[in-house]
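Handing you a structure now.
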Amino acid sequence: MSHRSFLLLCLVPLASFALAFLAIPLVRLVLASGEGAEGWAIYLTILRTPRYLATLGQTLLVSLAVTAAALAVSTTAGLFLARSRFAGRRVLLSILTLPLAFPGVVVGFMIILLGGRQGLVNQLLPGHWVFAYSVTGLFLGYLYFSIPRVLLTVMAAAEKIDPALEEAARTLGAPPWRVMVDVVLPALAPALIAAGAIAFATAMGAFGTAFTLATDIDVLPMVIYTEFTLSANIAMASALSVVLGLVTWALLLLARSLSGGTVAAGG
Amino acid sequence: MTLSLSRVAKTFAGGTKALLPTDLTIAPGEILSLLGPSGCGKTTLLRIIAGLEQPDPGARVLFDGEEVTALPVERRRIGMVFQSYALFPNMSVRANIGYGLKMQGLARADIDARVDEVTALCQLQPYASRAVTALSGGQRQRVALARAIAPRPRVLLLDEPLSALDAALRGQLRDELALLLRSFGITAIFVTHDQDEAMAIADRVAVMRAGQVAQIGTPETLYRNPTSGFVARFVGGAMPLRGRVTGDHLHLPGGALRLRPGAAGQQVFVRAEDIRLDPEGPLAARVEAVTFLGTHYRLALSGAAPDLLTALHAGHSAPRPGEAVRLSIAPDALLSLPAEDHA
Amino acid sequence: MTLSLSRVAKTFAGGTKALLPTDLTIAPGEILSLLGPSGCGKTTLLRIIAGLEQPDPGARVLFDGEEVTALPVERRRIGMVFQSYALFPNMSVRANIGYGLKMQGLARADIDARVDEVTALCQLQPYASRAVTALSGGQRQRVALARAIAPRPRVLLLDEPLSALDAALRGQLRDELALLLRSFGITAIFVTHDQDEAMAIADRVAVMRAGQVAQIGTPETLYRNPTSGFVARFVGGAMPLRGRVTGDHLHLPGGALRLRPGAAGQQVFVRAEDIRLDPEGPLAARVEAVTFLGTHYRLALSGAAPDLLTALHAGHSAPRPGEAVRLSIAPDALLSLPAEDHA
Amino acid sequence: EDAICYNCPPEWADWASMLDALDAQADIQMPHDNKNSGQTLSQLLAERASPVADVAYYGVTTGIKAGAEGVVEPYKPAGFDEIPDGLKDPEGRWFAVHYGTLGLFVNVDALGGAPVPQCFADLTKPEYRGMVGYLDPSSAFVGYAGAVAANMAFGGDLGNFDPAIAYFNDLAQNDPLVPKQTSYARVVSGEIPILFDYDFNAYRAKYEEDGNFEFVLPCEGSVRVPYVMSLVADAPHPEAGKRALDFILSDEGQAIWTNAYLQPARPVDLPAEVAEKFLPAADYERAVAVDYAEMERAQAAFGERYLNEVK
Amino acid sequence: MRHPTRLIPLAVTLLACAFLLVPIVQSVLAGLTVNYFRGLSSGLTLKWVGEVWGLYASSILLSIWLALACLAVTLVLGVPAAYALARRPGRAARVLEEFISLPLAVPGLALALALLQLYGSYSGFRTSWAFILVGHVLYTLPFMVRSVLAVLAAIDLKTLEEGAATLGAGPARRFVDIVVPNALPGILAGALTVVTLSIGEFNLTWMLHTPYLKTLPVGLADSYASMRLEIASAYTLVFFVMIVPLLVAMQWASARAQRILS
């Protein structure tokens, strides 16, 4: 067997799986979105229904806010941890990456424990300190699972920055904050874009957290879920899924082209 | 600027004594090379001068008499060229060169004027607006140099600025760098582990070994009057002739050589260019390998000394591998140096 | 084994003609070096011989008369040493060396015996059970060589086996490699872009340029009788003397030189070692830079020819930069070669 | 024998005991399944071509819808005839298995000192801010039942839901919690101090949990609603499904409901010690039955209105 | 030297740690406390953990089984494919890699909906664990492929293979002798990621599961909605006990693979 045919053979299992369980189902999903009473006009309906638009806007807004917050927190902490050596550093690092594989439902539960009526905050500061079921709760839940992802990406990038770059800036008279602005942040930029894209995509699609918090704040995945379960409005659920998928994927592609192809979404 | 170091030493956190207490004075405009094998402390010394590393307590670094030992790097007014060049990839060539001037708070117009001047000096005009990522190795090196000198530093420090280049380019840029450094006319310290580079560029060379300066002097001094076997080997590749010295003779496996008087208790070295094929010579040897080098042949010889000797033989033909030959070495060509216990 | 190539050429997918139709015959046991600048097609030629690259239609590769052109690499019985060595990091030194024997389906005991033999030949016994990742550059090179020769290949192919090493080690291993290759006694082809390496190791050198063999011959032939300016520059670093030839004189900016008869319409070259400082010499020049090299000084000279000339000057002292000097060049040292339009 | 029931959650209506009894007495093993009525129906619809479930349990309107969609098949278990008319499909596509009365399930300890609310109208007071929960009326049947009750309380009827919409909008100012799933545990834990829920859940907490719980039948009145079951059309294990339905309507089965403070669908007398744990019969007079077919017809439109108008 | 602004990063780091850690500690305590609202004074107990085991043992075992099956499938599909993608870094390979990475961008809910619509009516498949497995493989496969691909791209695979070829090894031999052993760090990191993600997968599973096939996270969602806080916490505790060692191993393995890359 030639090397070429061997390589093709290696791709056969994966390609068949992707065709059967990804490509065809996605096509089916798109077709299903047009099989409702209104046909393809369903996408117009989405555009004309304020509730859907508001939800899409809300989802985008929460996701963008989470992305910004996760970048700020994780960049600060990531740079700090990448550059300092002190006892307990490894422990802090472990804590910050612990939630990496928590499912959304667990994250939701964590937020209830923190900000629910019986949560820690409300117990320590009784009054109106119940935030778990509001946008704040949702935001914090998404932030909870975004911090570790962004942190790992930022730290990996920070460790790759050539220390000589910073030293060079200092030999040229730059004080520490200028070194940060002129050298460190530009060097981190691709990683920040990549990590931000991951945080954004994860937040856009997050379902378990919203489901557990069961808030009144509708985000698109929850709406898709209720469309599907309320009146078995499969067409609308499919159409909204298509919209959500496209918006998220397009933004990831954009980020990838901005960051020079380093966007590799994390779990 | 006169640079003087007194009792500068460095012990790293792990306990590595990278640099033993060292004194050194460098005259204004002088180009000094720090030459030595890997790990001997060259970079450490350079970084202490730059202020990128803190020396052990007791050290003093003086720039023109002003003590700068406690001054942070960004306030020392030094220029540095890194081995990897460390050009800022997010800035153009011009922005890189102008960065130090910007940090000094110069006006836009002054920065532009000075950048133009330095760009011209380093022959970088055609590339001035390029991204630094779009430059060849040699061009990068010139940008690094231009960036370091643009703010008119008091001293220019270079850490193996040629070692990132491939062999062909290295040879060419070595000469270019030597010319540029002279044209700047500033005090410069130049780290390298390549003796050709040190010789070609420096006024004086400090040969370092295990955290200490073994010898300091002009290239000729180091070559002709090495004070230790280490320097003799490192500068000019002298080979040890391990044998027994009786009176004024050195007894080797291939025969005995006459020494200059006073060589007892010393180790004897010879350089490849000083070994001659001589049918009447006192040493017997066997040719192991012959390489044609154009102007001469390089011969690998066994049997004369305990180790293989290399000889350079000028002439249009050479003996073949396997042939027996005789060698002579003039007494003056034998370097007798204090015995050292380790290589 | 006799290796012969006829009309071997290679055009890559993008249209790059990496190799123009080439014929070549290599005698049994001969060590041939392919020497040339980067991109001239050396690796391509070697890989076609190995079977790692398919030549353009019409090519024939013969091993002892047997046509192997269509045979896949794993069935050609060749040995190859890669520039990066390509040692299998997941295997020990022994397992690497024995891999080819295992592929031949040899019995365990036979493999062991042969591995022991080759390990000894390459002086690898102390490292035999190490991981290949725990070896120095030179040791890796020996493992790569041992692995390639263990299955007794019909021809040994080496692609810049020394270029991954640092300068100091390279010089040392060059000689070691030359000795080992001779001791194997098999046909070998050796790619390099370093003339010293080619000279030191090969019986014959094929100098390549832009996909073609420019000249093939022993090191001495190439140095003394180059057939083109390209070979003269590449082997021994001859410098062009661009001037006007009238009768038997070459007129240069610094004066006129006498030529050997019959040099009209030709280009004239000289080597650094053939330029002499001579107060009576016909050429006037100015010293630009002086580098002490131990046995001699290297001088950069301007004014004599349109380009900067380099001269090697033996002696205990040298003129200073800026001094005016006079030069002479013996007519025999001037190489007159067919004019070429590009460098 | 295995069978699947959609929406038989152990923490609701004491399905836990019912499932245990089915296992012990009828040798039918059913896994717990935590859906709500709406999810159950959409799942049945989605799986119409090849059903997974054998039987389904849901609020009456969902049962009516399932019957109309044809995802269930007629079956009349023993005791079918004793179920009052109006609480069963004449063909047996769905039939009640028990009732519940909608009211307020209150965790008194979690009120933070506020008095136990007595009326729907109380809930918009600032002292209950963030304390009131109701299931999403557009998704869960309990949620819809709560909406119907509140609607009637403020003068609406099945043809006019304006009062309910107005009421939910008022309530929205008070930061209510709107889960989509059964939330018994959250009331017990105090996360939701006041939940629109059935009497049986509240009694269970009151008598069996550690803590201080009350069931309030709002002063404005409320509704009684039946919960119904169906045999799924083309069920994978139809025989097991039928036997399970037979058992649930049998005397033993119905008695299990009563032990869990549910009112059985067949006229079975409540044991005295159970009866005395209920609110007085006088209170229950405020809870009325409605035309469930009508209630079903109004459901979709109300769900839409709720989604679009309440915010 | 210690300027107050230098304390900001430390403060942010500590706050972030507290934010992530405090609820974890709370839930661990809640799962071990007799009555969480009366506090630790009510005593510690393993009663809740026992109840969780009684109620959810089958979910936990199913999740472990699914994770192992998912690992097996992603190995078989992912490793050879990563190799082929590494050796043919052309446009088609990029497109295929991008395509199988879609599940990272397209929300799980949408994928589940797509699968349900296409395969929901094949009841034998729909009601078997294999249906959930498909979802898990879809979601985890890109991690396996990328992890292996990253390691293969970092070693000079082409030359290593050419080395083996000159010694007489054919394509399949090279895959077994050279590719797989050298990809091991990536395979290991990928494997741990796959198992960890599979055990925690909720978004797809929630839609794909049937009542008989509740996985651990589905059970968790269930317990959060309908069980008392102590049981929900105890179940979360069980989940932590399973997932945290995996996470630690996963990070160790990724760091190791990363070292090989540099």
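Labels for the chains are A, B, C, D and E, by order of writing; each one numbers its residues from 1.
One rule holds for everything that comes next: contacts are C-beta pairs under 8 Å (C-beta built on N, C-alpha and C of every residue); 3 or more make two chains touch, one makes a residue touch a chain.
Computed from a predicted model, the values in this text were never measured in an experiment.
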Joint neighbours of subunit C and subunit A, given as chain labels: B, E
Least step count from subunit C to subunit E, where 1 means the two chains touch: 1
Minimal step count in the chain contact network, subunit B to subunit E: 2
Rotation, 0 to 180 degrees and nearest 5, that superposes subunit B on copy subunit C via CA atoms: 180
Rounded Å distance between subunit A and subunit B, as computed from the means of their C-alpha atoms: 53
Chain centre separation (subunit C, subunit D; CA means) in Å: 89
Separation of subunit A from subunit E, taking each centre as the mean of its C-alpha atoms, in whole Å: 16
Multi-partner residues of subunit D (each touching 2 or more other chains): 46, 179, 181, 183, 189-191
Subunit B: positions in contact with at least two other chains: none
Junction residues of subunit A - those touching two or more other chains: 2, 112, 118, 211, 214, 228, 234
Interchain contacts, given as pairs of chains that touch: A-B, A-D, A-E, B-C, C-E, D-E
Subunit A residues touching subunit D - in the complex, by the definition given at the top: 50-51, 112, 116-118, 126, 128, 130, 133-134, 211, 214-216, 226, 228-232, 234
Residue ranges of subunit E touching subunit C (in the complex, touch as defined): 155-156, 159-160, 162-170, 173, 177-178, 181-182, 184
Subunit B-facing residues of subunit C, complex: 167, 175, 178-179, 194, 196, 199-200, 219-220, 223, 235-236, 271, 273, 288-289, 291-295, 298, 300
Contact footprint of subunit E on subunit D as seen in their complex: 2, 4-6, 9-12, 31-34, 46-47, 49-53, 179, 181-186, 188-191, 210, 236
Contact set on subunit E toward subunit A in their complex: 8-10, 12-14, 16-17, 19-24, 26-27, 30, 37, 76-78, 80-81, 83-85, 87-88, 96, 99-111, 113-115, 117-119, 134, 137-138, 141-143, 145-146, 170-172, 175, 193, 196-197, 199-203, 206, 217, 220-221, 224-225, 229, 232-233, 236, 239, 243-244, 246-248, 250-251, 258
